[in-house]
Every structure is written in C-alpha cells, then in structure tokens.
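In this document, chain identifiers A, B, C and D correspond to the written order of the chains, with residue numbering beginning at 1 in each.
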Amino acid sequence: MTSFLRSREAILAAAILALLVLISSRFPAFVEPGNLARVFTDTSPLILLALGQTVVILTRCIDLSVAANLALTGMVCAMLNAAYPGVPVAVILILALGMGAVMGMINGLMVWKLKIPPIVVTLGTMTIYRGLIFVLSGGAWVNAHEMSAAFTGFPRVDILGLPVLAWIAILVTGLFFLGIARTPLGRAFYAVGGNPHAAVYTGIDVGRTQFMAFTISGMLAGLTGYLWVARYSVAYVDIAGGFELEVVAACVIGGISIAGGAGTILGTLLGALFLGIVKNALPVVDISPFWQLAISGTAIIVAVAFNSRSGRSKGRIILKRAEGHA
Amino acid sequence: MQVSLTTPPVAHVTADAAPVLRLEGITKTFPGVKALDGVTLELYPGQVTALVGENGAGKSTIVKTLTGIYQPDGGTISLGGAPVHFATAQDATAAGITAIHQETVLFDELSVAENIFIGHAPRTRFGLIDWPKMRRDAQEILSRIDADLDPDMPLRELGIASKHLVAIARALSVDARVVIMDEPTAALSHKEIEELYELVERMRAEGRAILFISHKFDEIFRIADRYTVFRDGQHVGSGLISEVDEAELVRLMVGRSVDQIFPQRAHNIGDEVLKVVGYAHPTEFDEINFTLRRGEILGFYGLVGAGRSELMQALFGVTKPSKGAVRIDGQVRVIRSPAEAVENGIVYVPEDRGRQGAVIGLPIFQNVTLPSLAQTSRHGFLRLSEEFALAREYTERLDLRAAALDQDVGTLSGGNQQKVVIAKWLATKPKVIILDEPTKGIDIGSKAAVHGFMAELAAQGLSVIMVSSEIPEVLGMSDRVIVMREGLIAAELEGEALTPENLVRHAAGIGARP
Amino acid sequence: QDNVRIALVVKALGIGFFEAAAKGAEEAAKELGNVEVIYTGPTDTTAEGQIEVINSLIAQNVDAIAVSANDTDALVPALKKAMQRGITVISWDSGVAPEGRQLHLNPSSNPLIGNMIIKLAADNLPEGGKVAVLSATTTSTNQNIWIEEMNKVMGNYPGIEVVGTVYGDDLADKSYREAQGLMQTYPDLDAIIAPTSVGIVAAARAVEDAGKVGQVNVTGLGLPSEMAGAIESGASKSFAIWNPIDLGYSATYLAYELATGDAEAAPGAEIPMGRMGKLTLDDNNEGAMADPFVYDESNIDEFKSIF
Amino acid sequence: MTDIADHQQAPRRIPDRLQGPGARLLKSWELLLFLVAVAIFTANSFASPYFLNAWNLSDATFNFTEKAMIAFAMALLIIAGEIDLSVASIIALCSTAMGAAVQYGAGTPELVLIGLVTGLACGAFNAVLVTKMGLPSIVVTIGTMSLFRGISYIVLGDGAYRGYPAEFAYFGQGYVFWVISFEFVLFALLAVLYYVLLHRTNFGRMVYAIGNNATAASFSGIRVARVKFILFLLTGLMSGIAAICLTSRLGSTRPSIAFGWELEVVTMVVLGGVSILGGSGSIPGVVIAAFVMGLVTFGLGLLNVPGIVMSIFIGLLLIGVIALPRLWAMWRH
C-alpha cells in the first residue's frame, strides 16, 4: 500500500483529482456524474489507442501509424456501410478489427523480419495508410446521411447509463489488466523491452513479441476507427490527424518508459484520462481558445517532469546505519 | 518443465560412463571470425567438465550453440545418443539443458521470482500464470542457494552480486540433465563462491553433467573432473583433470608456457599523489581516509557489495560525496564529473564493462582515443593517423586480439573488450588509475599481460588503485591493501599482515569491530 | 489553338465543397471548349502546401491560377512570381491580398452572408435567445470576416445574444467537443451558428448526442449532402450556402476571360461569367457572385445528391 | 583478413582497417541513396517536359532547403540519441517574435537577430528540460511542440503579422547568382559546415560516442549533458534560421506557419541513413535525402499528383530504401 502511494500512478491520480477540483471551482457542472461519464466516453478512443500503444512501447517500439490506421479502417467501414447499408454492425466490427490487425501486422512484420527500426516503419506506413484513404475515397467524404442508423448508432447505445463506446473502453482495459499480468505474452512484452538481448536467452522471440504488440495495437486502432467514424458520423482523409502524438503523450504521462520495459496499464489509463479531462475542460472553463494549445503543452511537460521525479529509484543502501533514516 | 528440488540423487555414474551430451565438428563463423572450427565437446553425467581457453577462444560461443541461441554452421549435437536440434533457447531448456550465461540475462523491471521463471512460468488450469506457485517455487530455489532475497522485489533494486544469484537460481529452476556455467564466479566474492562450489558438488552428486567455464585455475583444479581446452576456435585437448597440471593446461591454452603469473616489481614508491580525507556518502560509504603514493599499487578488497565501486565512482566524479575532500599533489580539488577527474589525472576502469566501459558501436581505435581526443587532434579537428598510432601503441602492448583497429568493439570477446577499455585509459597518461575488477573475465595469458603492464607503469611512477575480489590478485599485485566492509574501511594491511586469512577475516567482519 | 490551362487551386483536396467547385469548373471548361482544368491543392489546409502547389504550376507554365487561399498574405510572394511570369491569377472563395491577384470572386457579399447566418438563427427564435458561434480555425479569413459582418448587424435582431465564439479548427472531433462544451457552458443555449461546413455537421451531431434536438438549433453554412441527416433529425432547421458548383464555374470563366485577354481586371469593370451573368468589380477588384441560398426540409432532398 | 591460425606469434600487428575506403563506399547507404536520386531525376525528366529547366529546378529547391537546414542539426541530435519534435513550433514562435518586432519598427538586422535569439532560447528551454531535469526528449518536445506554437496563438490569435521591410524579403526570395537562390547557397554552406562539424571534429566524435553509449561516453570524460545542450541549441538556432527564410518567403506570419514540418524533417534525416536509435549516420546522407525528397515532390507536383499521394511515395521510399537491400540479402541466402 505504501509503495502504491509513492508510485507514479498515485501521483498521477492525485494530479487528476487536483485538476478536477480546480475545474469544478470555476465550473461546478463539470464534475457532475453525467458529465464525467461524457468525458470518459469522449476519452475512450484515446484510451483504446493508448492501451495498444502501451504494449508497443513496452517492447521498445513505437507505433506512429495508429491514427492513420484508424482513419483508413474508419473510411473503409464507412464506405462499406454507404454502399451496402444492410451489412450488420457485427460484420463491420469484425472487419474493423481484422483490417486494423492486418495493418498492425504489416508494421510488425517489417520490424520482425526486416529489422527496420519501428519509428521508421511506422513513420512510413503512417503516410502510406493516410495516402491510401485518399486513393480509395478519391478525397470524398462519407457523410452522416449516407450511413445507416445502425452503423452510427452502435457506439451510442446506452447500457446502464453509459454508451457502448465507453463500455468497450472499460472491457478492453480489463482485458489488458488480465493479459499483461497473467499471460506469458504479457510478461514477454516487459522482458523484450527491458532487455531484448536477455530475452533471447530465455527463449523469447523478440521479433515475434514485437509483432504481437503491433498486431494488438493495429487491431485496437481498427476498432477505434469504426467507433470514431460512427460516433462523429463522418469519414474523410484527415480524421484523427496528429492523434498519434496525443496517444504517445498519454502513455508517457502515464509513466510508460519510452525506453521500453517499464510502465503499467493503470498508468496508461490515468495518462489518457488526464489528457481527456484537460481537453474537455478547456472549452468549458472559458479560457480563450488561443490559450488551449499552450496549456495542454504545459500540462504534458509538467506531468512528465512530475512522474520522472517520482519514478527515480533510491538505489540500494550499503551503509547499515543509513538504512534507518533513508 | 517442473522444478524438482527434492528429487533423490540419480545413481552415481562412474567416470567411464557414456557422455550424456556430445558435440562433434561444430563450426560457427561470424563476419571476419571463425569462432568455432570443428570442435568436439563431451559432457558426462555426474562429472564437472572445465572448459578453458583464452579470451575469444570460442567458449561462450559453444555455450550459445548448445542452448539454442546460435545455430551452428555445421556439426552435430547429440543428447543421450540421439541427435538434437535447438531452434530456440526454450527448446534447449525443454531438453534439459540449462545455463548461467556470461552476460546478465535478467530483466530489471521484473520481480526476482519472474526473472527466475520467465519463459517457463507455472500456469493455472486456464493457461494463466500462477503467481502464488511461482513465488513459492522461487522462494524454495533461493533458499536452496542460501540467497536471502524477497521473490517480489523488483530486480532493479538489487546489486550486481545479488543479480548474479538470481541468474544462478534461474538456471536451477529447470530440472536439467546438463548445467552450463559460463564464468559463474566472476561477479561473486569469496563467500558466494564457496556456496556455489557446494552447489556444484550437490549437482554432481545428483548425476547432472556440468560444464564449467572459468579463467581461475584454483577453482578448476578444485571442482572439475575433466577438462577441455579450446584455442582460437579449435579443440586442442581434453582429458581427466587428475592427469594434467597447471603448466600443461596453460601451455595448451596459449600454445606456449607462461612462467610467472604475478610480475616481480621494483617497489620504488614516491611522494603522496592522492589523499582522501573524511569522504562520506549518505547511503553508500563513510569515514573514508587513505593516501596513495607515486608508483604504488593500492589494493581494495572486500566482499561484493562492500561499497568499493561506489567509492571509486565518487572519486571519479560520477556520484557526489556528501562530505570530505580530495587532495591531488597536495592541492584540494573538487571533482564533480568524470571529465574533471580526467583533467586532474584520475581515471577509472569500471566494473560494468558493457554499460560503462566500452562504447559498443564505435571502432576499437575510436574507443581508445575517446578521452585523448585533445591529444590526437589539432584545434579540435580530428587527425585519424594520430588516432591509429595511439590506439595501436596501447592495444598491442596489451596483447589485444582483433582483426583490425576499425572493427566494432562489440564484436570482440569480453576479455578483449576489457583490454580496449584499459588501453583507453592508459593512453591518457594518467597520474592515478583506478581499476575496478580489472581482470574480471580475462584469460590467464592476457591477465599476465595486464599485470605486467600494470607493474611496468607503476614502476614509471603511475599510481594504481586496484579493486579486486580475487585474493591471489590482490596479494600478488598490491603494495598495500584496504579492506572495506559495509561502506566503511575495515582495515589497512601491509607487509606481514597481508595474508589471505586477514583479508577474509576483515572483509567478513569476523573478530573485527561490531 | 492551344488549350488554355486553368489551375483551380483549393484549400485542401478532399473537401466536399471544393469537389463540387471542381465539377463547376469542368462544366465551364466544356462550355468554353478549349480549356483544360487542373484541379489541385495541398493535402491539408496550410499556406506552405499551397505554395508548393503554386510553384509546380508556375513550372508547368499554366495560363491561369484560380486559388482559394489558406492565408491572405503568405501566398502573395508566390502568386506575384506567377504574375511576373505572365500567369493570370485570381482568387475565389477565400481571398488573397490585392497585390497577389488580379481579382477576387466572393461567393456572395460578406455583409449578406454575415446577415444571413444570424437571420437563420433569429428566424427560429421569435422570443430572442442565446446563440454561440462555432468557427473553423482562428486564422481562416472568410469565417472571420463573416462573423465580423454578423456582429455589425446584431442591432437588427433585438433579444438575440451572442454568448461566445469557439474554434473547431475544421476538425470533426474538435468541433464536436467544442459544441459539447458550448452546451455545457450555456445550458440554456438556443442556437449554434457554424459558418463552416465541417463545424456545422459536427455541431448537429453533438446536439443529437446530447439529446437536445428541438432545444438547440444548429445553423450556419453547410453542404446539403452533408447536412441532410441533421435536417432529417431536426438538429438543424435550416442552413445556407451558395452553390459551390456555380462558384467553380464562375471562377473558371473569369480566369479564362482574363487569361485570353478578352477582359481586364480593373475597378468598375464588368466581366462575363457564362450562365452566372456578369461580375462587377469594386475598388478592390472584388466582386460577389450571388446571394446565399437557404436549405431546409422543403428542398433538402432535391439538393442532397447534387453537392 | 587476418588468419586466425597464425595468431600465436607475438607481438602481433593489428591492421588499421578491415576494408579499404572503396569497399566501404560500395556498401554505403549514401551510394544507394545517390543512385535513387539519379533514378528519380531521370524519371522526372522523362515524365514532364517542364522538369529540365533551370528556373523550375531552382524553384524546386525551395521545397526542401528550409527543412534541410533543420535536418542537419536534427541529424546530430538524433545521432546523439535525442530528438526534437518541436522544431516546427520553434519556427512559429520565431516568426511571431519577428512579426511582433516589425510592429515596433524593427529593421532587417534586428529581425534576423530576434529570429536567431528566439530559436536559441527555445532550444535552450528544451535543453534544460532534457539535460538538467533528465526527461526523455521525445516527450519533452511533444510538450514544447504544443507550448511554443501555443504561445504564437496567444500572441497572434486569429491575426497575422505583415509589413516586413522590403530588404527582409531577400532571405527567402533573393537570388545570389542567376538562378541560385540565397536559400540554396545558405543550405549548401550549412551542409559543408555540418559535414566538418560531425565528421572532422572532436565534437562530432563525441556526438557519435554519446549516441552509441552515453554512460560509457560520460565515463570516458565526455561532458555528455553539455554536448547535448549544444545540440539542442543548434537545433533551435537552425529552426530560427529556417524561420527567417520561411517568414521572408511568405512575407507574413500566422501561428499555423510550418505546421507539421517536424515529421518531414525527421523523415528526411532517417531517409538520409541516420539511425533513429542513435549512434550512426552522416551529413552527406541527409543532403542526398533532402534532394530525393525535393525531387519526388517537385516531380510529382509537375504531374499534378496530389500531395497526399506524393506522401505515399515518400513513405514507400523511406521503407523501401531500407527494406530492399535486406530483402535482397534474405533472398540470396
């Protein structure tokens, strides 16, 4: 318990609470349960992508193509729906997961088999996937009236007061908690990122593990692609442009070490929520829109500075008599 | 694969039993190096086979071939008479081969228990990792090797020695027929080494076949039943240990005889060069006072974790002391960074070669000239010819084995990397050189070269601080020895008082102050 | 006779409004006969991207460039260079500074648009009420002018109060979030005016999701095809837009007239633009094409498949 | 190649080099990239009649000169194992600072000074966060990327600065000699300077050492934090220079100036063969990469290929140039 209180997750959670108190002092309605639920729903896509990104970063990689993957999958889903409105949502969900996974696998294969650095691979596929949307759609938008009600309605369906979109984020987060702690693959992510050289000695295939991480990340990006397009009821080339950096920022604020091998799912969740709250609070607390960018930038820097302080390990103690005071 | 801590010993097999593991004609080539050239190796159940050879002879390479990390280019491996092929490390583990590798094969962010079991963790019925069982099993193995470690502790909080114990525990977590140990005692001190020997004895009694790689002859003669010698990737001899002596083994290894391990030295010790007064650190050491004189070799002995490395790193400006002063040639100097230490003529050959010593990725000559760039360059512009000349001078003197000076240091064997790091510092012509476990992992021939060079430089007026956990080395090389224990100076020994018994007694705190 | 090559440079490719304008340009080209239209633009709405595009058009030595600018000033040096090399330059939709073009074609007159957007909101609020503006980026020229014009005529609509202006950056998700924020900040908000085709769609979506259809009316400038859903759901009662097809058509016509030397851009000049009549230039060499047109339940089905 | 068997005789002599310079050049990334550049150049001249024209080629250089200037400094930074994603935002802030100064009647020399100083200040800010506080640069600069541009938005809002003095236009629009623009001359000059700095000086050697193993470099007496500090300053300074050129070329400042350039600069550096993991890469590689990217965008632009489709080509090029030799090697084995 005390170790949790000193952990970066606890500090981040405290920061989020402080932020909420601060916001509610200017705008009390923000912390009403209904609104918090809305903020959580709005943050769900970020949470989904950040979870995928977390396993990628844990394996010492990075996936910059998530937003492009999201957009391409979203566009394909939207175009499919526009052309065949009768296709059931379940099929679209499977398509989205599958397409996203394939794009993740392409990244993963190049990292695994060709040993190209992940940032290079995904910088490349980011532009390629994005470009493919243009080629596919000819630059045209898919608009709300072209989509079926079932298609756009799915993420909004209300279950116990929360929309499906939020439930999906909760479900996936739960799966990640379980998968990371209790499956060999989950532990392999840490091993591969923490010490890739040593991972080979323990029989873990580094490349294959990274491939799995990219596949998971891609799969979630695909899923989010459909949810995003359905939620905003529009698909175009540029959707979620620049979102990849926000996703990375969420992970890092959550304490996922960019050098791999360190960080927790809880951290990522909190990091995403932190950004989500900042993003949703800025429009309501009546701060000039021109200040928003600078404020979110400062928030990122402060958060990172904070959790690097808290994460610094004390090291061991040789002097016996120093043990008591330290 | 399950851990069996209570299996009764397998019936003891006699010396002329059939080998359990046999490698024949194994060849492995790296770009520019034929690391293994048709070597043969046999391991017998219930026997310890010592594998010896110079640095770069191919010892670690054969270990990696045996454990599925490298695939051999040619040759056969047979286990219990049947040919086997290991595509991954897990295959080898599954076949009952386990290894303590020369490199640390551990994960800082994972707990001790997980480090022991990663890759073969116990599972529940649903295929999920069974944490409670894993903790219990880890605890059991750790207590078997007398390691007092909490299985839940993150590995990053352990010192190097404890980490090594975890690596040993990891090897024991597999019920193996064949146990390989690649220089297992290099990072351990006296007490742990003794415990390791006992462990080896126990495993031998259980009928396991053990491959033991070491550069320390005393331990080879103490625990091995057989020997195999590699030279330059070739098998040059093997047999029963009772049928050779040390000289013969050395001759096989280096192809000539090495007559004298510790050089005779002229002790012409001059004025005081370095004086450390009241040095202290909040958590690592306290009340450090000592002097070092010109041309002197000052040994630092202690059990691993005694805080010697921390002290040396503070002297070198890596960590900050909370109190105390350093005088160099009588002048008080404040050293806040390694760069300032180098400017003041103090240099440090670190213990952790891979992380702090060699710049892997840069060629040998650039590693050597890195702290001497001011000397080889003109107005800040590089002069490659000067660099090559300087690098050649020092690496050849240390008997480096390399294909070319522009070869990446990362492709050298561990011992040869160590020579590059030592060369790097000697090339700066320092006043004081601090060597932290300087011959750790260095073969006997090169060790002699390093010791010889050390003696020669001391004779020319260089002052040396040598941190070592090897008693023969400490006794053989030092003029004076400081023994450290738990961050404090436990004793300063000189002349008659310099005996193995005294070292061990002070280091372990037997009969010393509380 | 060689083809007259006219480049229609848009803010960014892929925006429905400009795709429609391109259709109009093709229509004009067919009418004129010897015209080749090059429809191009950057991928995102940046001035630097447009400059690269303009540079490559200069290199191709096209006859005319008709540009809808991402930045009033930043394009000027590049367009000046084009004019120096004998290329006809006009701007349309979103203008460039006078020294960077020969004439500018406004889709409609700015005062008319400013008045129209507030009128659409006010018509549905006979008792008066609170309205908020959801604009595009903080730097978009035309949006800002319209909002300015709107503020000038606010006196004509007593009881209507503009409570705030937010920026959705022409991004669907940000506009959506901003619209949500508006409804929270002003729980008694009556209308959102979004003079941007991206913002209006997102605002309508946000209103639907907040369950405020009937309470908050979304209006402004949008495309019938994109807004059909919102009209249907009732989130938007009406909105306006000029016809982008006509706009592209007119721009192409004007560029052709100037490039062939049949007309000259000067204050007071009247330049023909085919079926759209004549453009009369003011002192700034600017002219307005036509009035914005209002779409609601009654006519949306007719137009939603056109643009 | 030394024969292992005759290692016995002491003292053995270790040769300086394993391979001659020719052999190394043949295997080098730069050569591969150069061939790609030649291929693209040839393809372009066949594809468009407008390509082989001095003025057009000169115009084409504007597509990459400013980004390349930043790429030089970024290359050093990436080789040293750090990265700066805030460069485009630094441009915005520098440009805003210059624009504000114009409103107070600053002349061209003052403007240049303000641009450079602002760039340096931003670089110093990043440097302090990274080297003094020990934060990871990729995250810090994602933060300052928002912060710096955010400050421009606070200052400018929806406005724009214009009215730059007439002679200020020279930096982005002037020509030194015939079709050779000032920007291109500056680019060439900086390329030479950075070549010397990275490949011919002690400082450059330290950059490589730090990128390969910062701890060991520090233990070798290199002042790692100081070197990194200088590299962030240089990156800030280069962004300042790029801001001067770009502002001069555009003749006005808006907060959205140079939006999204950071990834293009990083792409250029990586395409130039700089290892994103640090420790290796060269300036000639970056120079050729700049030309390759400029040629691709200009060539496709002449064919009126939309920018986003061009970016597919750049993406394919980025991956392809690395992947193809590896695929080839795999296929041969």
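Convention: contacts are C-beta pairs under 8 Å (C-beta built on N, C-alpha and C of every residue); 3 or more make two chains touch, one makes a residue touch a chain.
Not measured: the values here are computed from a predicted model.
Participant: Using the touch definition from the top, what's the fewest steps needed to get from chain B to chain C?
Facilitator: Graph distance in the chain contact network comes out at 2.
Participant: Could you quickly compare A-B and A-D and let me know which has more C-beta contacts?
Facilitator: The greater number of contacts lies at A-D.
Participant: How big is the gap, in whole Å, between where the Cα atoms of chain B centre and where those of chain D centre?
Facilitator: 43
Participant: For chain A and chain D, let me know how many angstrom lie between their CA-based centres, rounded off.
Facilitator: Here the centre of chain D sits 29 Å away from the centre of chain A.
Participant: Can you give the whole-Å distance between the Cα centres of chain A and chain C?
Facilitator: Once rounded, the distance between the two centres reads 35 Å.
Participant: Two-or-more-chain contact residues of chain A, please, as numbers and ranges.
Facilitator: 134, 139, 237, 290, in rising order.
Participant: If you look at chain B, which of its residues touch at least two other chains?
Facilitator: In chain B, no residue touches at least two other chains, as defined above.
Participant: Identify all positions of chain D at which a residue touches two or more other chains, and write them in rising order.
Facilitator: 153, 157-158, 260, 306, 308, 311 - these are the residues of chain D that touch more than one other chain.
Participant: Touching pairs of chains, all of them, please.
Facilitator: Between chains, contact exists in these pairs: A-B, A-C, A-D, B-D, C-D.
Participant: Sort out for me which residues of chain B touch chain D in the complex.
Facilitator: Per the touch definition, chain B meets chain D at residues 32-34, 37, 232-233, 255-256, 316, 318, 337-339, 341-343, 347-348, 350, 355-362, 365-366, 370-371, 373-374, 377, 380-382, 388, 392, 395-396, 399-407, 424.
Participant: Touching chain C in the complex: which residues of chain D?
Facilitator: Per the touch definition, chain D meets chain C at residues 48, 50-51, 53, 55-56, 59-60, 62-63, 153, 157-158, 160, 162, 169, 172-173, 246, 249-252, 254-261, 297-298, 301-302, 304, 306-308, 311.
Participant: Can you tell me which positions in chain C touch chain D when the two form their complex?
Facilitator: 13-14, 38, 40-44, 46-49, 51-53, 55-56, 58-61, 71-74, 76-77, 137-139, 144
Participant: Along chain D, where are the residues that touch chain B in the complex?
Facilitator: Per the touch definition, chain D meets chain B at residues 1-2, 4-5, 7-8, 10-18, 200-206, 208-209, 211-213, 215-223, 279-280.
Participant: Which part of chain A faces chain D closely enough to touch in the complex?
Facilitator: Interface residues on the chain A side: 110, 113-117, 119-121, 123-128, 130-132, 134-135, 139, 237, 242, 245, 248-249, 252, 257-259, 288, 290-298, 300-301, 304-305, 308.
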